[in-house]
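Below is one structure. I have some questions about it.
All chains are identified by letter, namely A, B, C and D, in their written order; residue positions are counted from 1 within each chain.
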Amino acid sequence: MKRQKLVKLIIGFGLVAVLAISIPLVSGCTSPAATPTPEEEPIKVGIATTITGALADDGRMHVRALEMARDRINAEGGLLGRPVELLTADLGNYTPTELAAVRDTLKSAGVDMVNYNWAVYPAVTDYLMEIDSLVMHHGWVSVDWQEWYDNKDSFPYWMTLNQTEEGYGVPYFQALTNPEMVTWDFPNKKAAIIVCDLDYSVVQAEWWREEAERAGWEIVLYEIHPVGNVEFGAQMAKIRQENPAIIFMSSVISTEVIAAYADFLENPTDSLFVITWVINKPEFWSAFGEQADGVLGTVPGFFMVDSAYTGSNPEYQTYYAKGRAIWDECLERYGERPSLQTICADDSFWVWAEAVERVGSVDDYDAIMEAMFDYPYVGATGTYGFDRDTHAGSYQAGNVPLGFYQIQGGEVITLAVGEGENAGKNIEKITDFQVPWWLE
Amino acid sequence: MKILQAEKVTKLFGELAAVSNLDFEVESGEIFGIAGPNGAGKTTLFNLISGVYPYTGDIIFEGKSIHGLRPFQICHRGIARTFQIPVLFSSISVYDNIRMGAHFGAPKEKNEKELIKEIIDLVGLRGQEETIAANVDLFDKRLTMLAAALATKPRLLLVDEPTGGLSPKEVRASVELFHKINQELGVTIIIIEHLMKVMVEVCDRLMILNNGEKFCIGSPQKVIQTREVIDIYLGG
Amino acid sequence: MVVSKILRKNAFMLGALLVLALLPIALRGNAHVLNILSACLIWGVVASAWDLSIGYASVWSFGHIAFFVIGGYTGAMTVMYLGIPPEAAIPLGGVAAAVIGILIALPCLRLHGIYIAMVTFGVHLVLSTFILRWRDYTFGATGLSGFERIQLGQYVFSSSVPFFSYYVIFGVSVLLLFIIYRVINSTIGLAFVGLRDSEPFAKSLGINEYKYKLIVFGISAFIAGLMGALYTSFYGTVSPFMLEVSTFLMVLIMLMLGGLGRFPGAVIGAFVITVLSEALRPLVLWRFVILGAIVITVMIAMPQGLMALPQTIKSFARRVTQRKQIKKDSIKTSSI
Amino acid sequence: MAAEQAVNLVIVGITLGAVYAVMALGLSFIYGITKIFNYAHGAFFTWGAYFAWMLSSGYLHLPYPAVVVITVVIMFFFGFGYEKAFMYPLRRFAGWDITAIIVTLGSALLFDNLALALFGTRAKRMPYLVEGNFVVGGFTITRHEVVTLIIGLAIMVLLILFLGKVRQGMAMKGVAQDQTGARIVGIPINKIFSYTFAIAAALAGVSAILLAPKILVYPTVGWVVFIKAFVVMVFGGVGSIKGTAIAAFILAMVEAFVTFYLGGIWGTPIFILVLIIMLTIRPKGLFGTW
């Protein structure tokens, strides 16, 4: 009897001791692996992104951009003569525990800048602000930015390349019904809208819908489905009944779009299949190959890498050249073409790096931000000058164009580029629209 | 005085009548035996009395109907039972098994510890209290089950095949115990048993069931000499 | 005399408590590690509350993560919309979860095993729809954040103030674990075990199974909901993402790895799984593959769970010594 | 117009119903016979889908009949090996049924994430079994749907025949009713367990082949189907093939109509509501036997 208690006691203490020993090991595991060069202390850049979970693909594309940028800058002698070192922290499925881990590891490593892509969870913003480093956010999501904007007094060091998705709905509808871009006689003025239940998608769809109704279109289906839904049988039944001229799918999750499109292809209607953000993601068209031809989409920012820019706009020519360079490097180095994520992340890094060079300091955040305000940085996706109030890069200059795309021959081809308030009306046409194969 | 009256009790399992149109009465203070071949409906009858299944007809206990009451309510009215297979609370001690009956079955009992002690002494489980119930032998398992049932302070006890698998010595001890329970505690007992020898020793009256129907009832010596009863048992 | 007896009887638990109480000081406020420890405690209590239901009462409720999330939302929303002080919102989260738990228990009264599992899991599945539909108040999939936290002087209860917050969580967890321990050792716990081990016999001994089903749903949902509110307050955010299968799976694994119905096994399971899953983080995609493999291996080697480790080791030792004994004996006989 | 819509919805419901039924039968089979609740059943589906994908559009581009046969054979041995490796060693101890649950939980974690690590998050697409449509009386029905329905029904009939007429099937039924009893009369329990898992895994493979072209192949796809199969199994009553089949069609129909009229977000809540109402009336499901 006594021995039993003793054994229990020993095992109990043993377990706790093992835990106590392993916990510091845990924190040790996540500290940076690369060794700094002996002469100069490295500049640490933290990457807050999704390495695992449903958005792991986006995270991979994000990290690649920064790896390429790091190697480029280190090959040129580093930033301010110091090597740049990356520290990746996984946002995973955005569970609170993961967010806290991201914050704690980046904070304890003492990163000089946090490069963050996007989420639709304001909580991520809260956690990143607590790291107390400058955050370069290259998202297109208003909730993340809004959370910072509401708290800007307590934490000013947040820079967003492009803070809102609201604008994309209106110009998108305008461009679709712009005869300069889409050369197809709509058989009717009916549209079906399928929306993923995430803020980003819902906001975009709402704006799209309002513009459509203003133009006298009838919305025959407006369906918000749960995140991660893959069964669209009933929605397609309704669509097949109504036969609308446009099926608009507002979703950021490629699996949903692929599933809906696969169901659509089973028995296609006389409709244009129109999507948003997912058009730039390789997993969409790699799932369908030739069958993806004809799908239309839009993404914010100049993202023209499948089709060459042959127009006369000198700014666009510069953007294109920069984007193409990243594209080629990514393809060569990783055997996979980049997504918009990559190109944008690259911009967000170099905006910052240039500002740091000009200021000559990496931790004087006020001065670095000052160097970014109003300064026209010409990147691969547009020209950025940050607004003093919103800290958003694209609005002040109004120089970040909106691209409208179609998949043709298995590639994402730019149909037109628009800019400014009526980006869907005043467009520069690049490539001819192709009537989708199921409508022929 | 009648402690239990069954009136036209019928239980159907689908098409099959497990108990059909059964009438009988149990006198207060007696030991009443129920026998019959396998599938005669003996255990089903216990399940009906203790409220496990719904049924048609009526069962009256101490002048009040217990039809439609749930098992725990029937226990609180004063009927306790044991099971054919010892279904003990195997992960806790023998003492806690008995405490389960005392605490939940006799909620008004002030002196719970005293009650448990008395019952342990009565059934003869002293020394086994702290053993985990899964680890005691079959006889002690049956005794524990019986003790837990007695701890609910019943006036009627239903005992289902208490001697199955026991040695002759243990069977004898069981018989003595039932007499003791009946006489010292004044508990009326209904007992299901297939050993006729035990029945003759224990029962005041014996009822034979066949195919869910009452076949005959009377003093055990008389009943077992009935030609038809012998036929039933020999599969006639 | 009595004190020393209690000390000796609960040496394991008291020792563990002492270590847990002193560990933060030894760690000198390492934020990352402290937050992991806090998560261990939170999940430990949630898993123990769940154990009360599955392990002790054998009521296969799959709604505990839903109760946890209900508690979290209640805590956050009462603070945000009703202006209730955050200290009061945390027990309110428990109350809300308990009310819903009891409501769910009603259709479960007549059900058993897997059928209860389905009804309660149904609540889990429906909850996310409800949160998404009630967008005006819950902000849909975006989730809630930025609500007021508990404040004690200059200290804020938040994962960014790990030292202070750890002790708050430690205090609440110890209190709740003590409540669970008391419930297990009370007559309520006795009734749970009775219904688990042999329901027909328990009922025939006067146990009202409906009453105890309601009690077990009430208590375990209350604790899960309270921990949900505490978790939400600690991390400052709650979203329907918590309802993903992965959370459910992990907590269930913690509970079962520790050993069903073997308090405080669930707490040990929670520590082991949480720490392992953090330690394996550098493996990125292979992390959960390895974790799954570890769970399977441990269970095949030690089917009774971690809490049975002493017995397993002892029986193994006994077998080894017996074998040695047999060997010795055979040598002896052969030499003769 | 209304009639046409209804017919379209019935077609959607029937096709989904056939697949849910096949999946739920596997789950119900394992639970009914071995009393193990197999959390890894979703992972079986996922891996069946990945095998089919690798054989078809992923790497080998085999013709469909070959894909079906090879996938079913692979899944059969997958289930067999799974039982031998993970479930069999547990049965040395009492209380193994509880331990088995956590091992299935652990293997769900393992297999899901193995798929993630090997194939990535990217959803893979599989071609339809047969392309093209039938036009019957003005209604368009895709050939894939017709084939799905035929395979689904055929499997149910085969299972009923197997359990009712074939010796091994009858032995399985015996084990389902009473494990100790079955052992006493000399039924080889270990063998029965292995074959039960093997058949269930093969069924998961079949449903994966039928459903993957519609809902894609990605690491967590199994859970979507698993949860629905779970509801179907409980609704129909564990162990009843008839109950499972009817439940699958009822629930799929409910889901299709609810999605159509109220929107996709209400699919699950109504699904669950129907289940709870059902269980309050019949606590053991529609035709619960085991």
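Convention: contacts are C-beta pairs under 8 Å (C-beta built on N, C-alpha and C of every residue); 3 or more make two chains touch, one makes a residue touch a chain.
These numbers were taken from a predicted model, which means no experiment stands behind them.
Enquirer: Which is the least count of steps on a path of touching chains running from chain B to chain D?
Expert: Shortest path length, in steps: 2.
Enquirer: Could you name all chains that are in contact with chain A and with chain B at the same time?
Expert: C
Enquirer: Give the chain pair that accounts for the most C-beta pairs in contact.
Expert: By contact count, the leading interface is A-C.
Enquirer: Relative to chain B, which chain has the most distant C-alpha mean position?
Expert: A
Enquirer: What chain lies closest to the overall centre, CA atoms only?
Expert: If we average C-alpha coordinates per chain, C lands closest to the whole-structure average.
Enquirer: Starting from the mean Cα coordinates of chain A and chain D, work out the distance between those two points in Å.
Expert: 37
Enquirer: With chain centres defined as C-alpha means, what is the inter-centre distance between chain C and chain D in Å?
Expert: 31
Enquirer: Can you compute the centre-to-centre distance for chain B and chain C, using the mean CA position of each chain? Integer Å is fine.
Expert: 42
Enquirer: Residues of chain C that contact two or more other chains, please.
Expert: Expected reply: 129, 132, 285, 287.
Enquirer: Would you please write down the residue numbers of chain D that are in contact with two or more other chains?
Expert: 116, 265, 268
Enquirer: Mind pulling the residue numbers of chain B that touch at least two other chains?
Expert: Within chain B, no residue contacts more than one other chain.
Enquirer: How do the chains pair up in terms of touching? List each pair.
Expert: In this structure, the chains touch in these pairs: A-C, A-D, B-C, C-D.
Enquirer: Mind listing the chain B positions that touch chain C in their complex?
Expert: 50, 52, 70-72, 75-76, 80-81, 83, 87-92, 96, 99-101, 103-107, 145, 148-149, 151-152
Enquirer: Show which residues of chain C lie in contact with chain A when the two form their complex.
Expert: Interface residues on chain C, with respect to chain A: 8-9, 11-13, 15-16, 19-20, 23, 26-27, 30-33, 35-37, 39, 128-129, 132, 139-143, 145-146, 159-160, 231, 234-239, 241-242, 244, 246-247, 268, 271-272, 275, 278-279, 281-282, 284-285, 287, 309-310, 313-314.
Enquirer: Give the list of chain C residues in touch with chain D in this complex.
Expert: By the definition above, chain C touches chain D via 107, 110-112, 114-115, 117-119, 121-123, 125-126, 129-130, 132-133, 245, 249, 252-253, 256-257, 260, 285-289, 291-296, 299-300, 303-305.
Enquirer: Which bits of chain C are touching chain B when the two form their complex?
Expert: Where chain C meets chain B, its residues are 187, 190-191, 193-194, 196-198, 200-209, 261.
Enquirer: For a test of understanding, state which residues of chain A touch chain D in their complex under the given definition.
Expert: Touch list, chain A to chain D: 52-57, 197, 223-226, 228-235, 237-238, 240-241, 254-255, 258-259, 262-263, 266-267, 283, 286-288.
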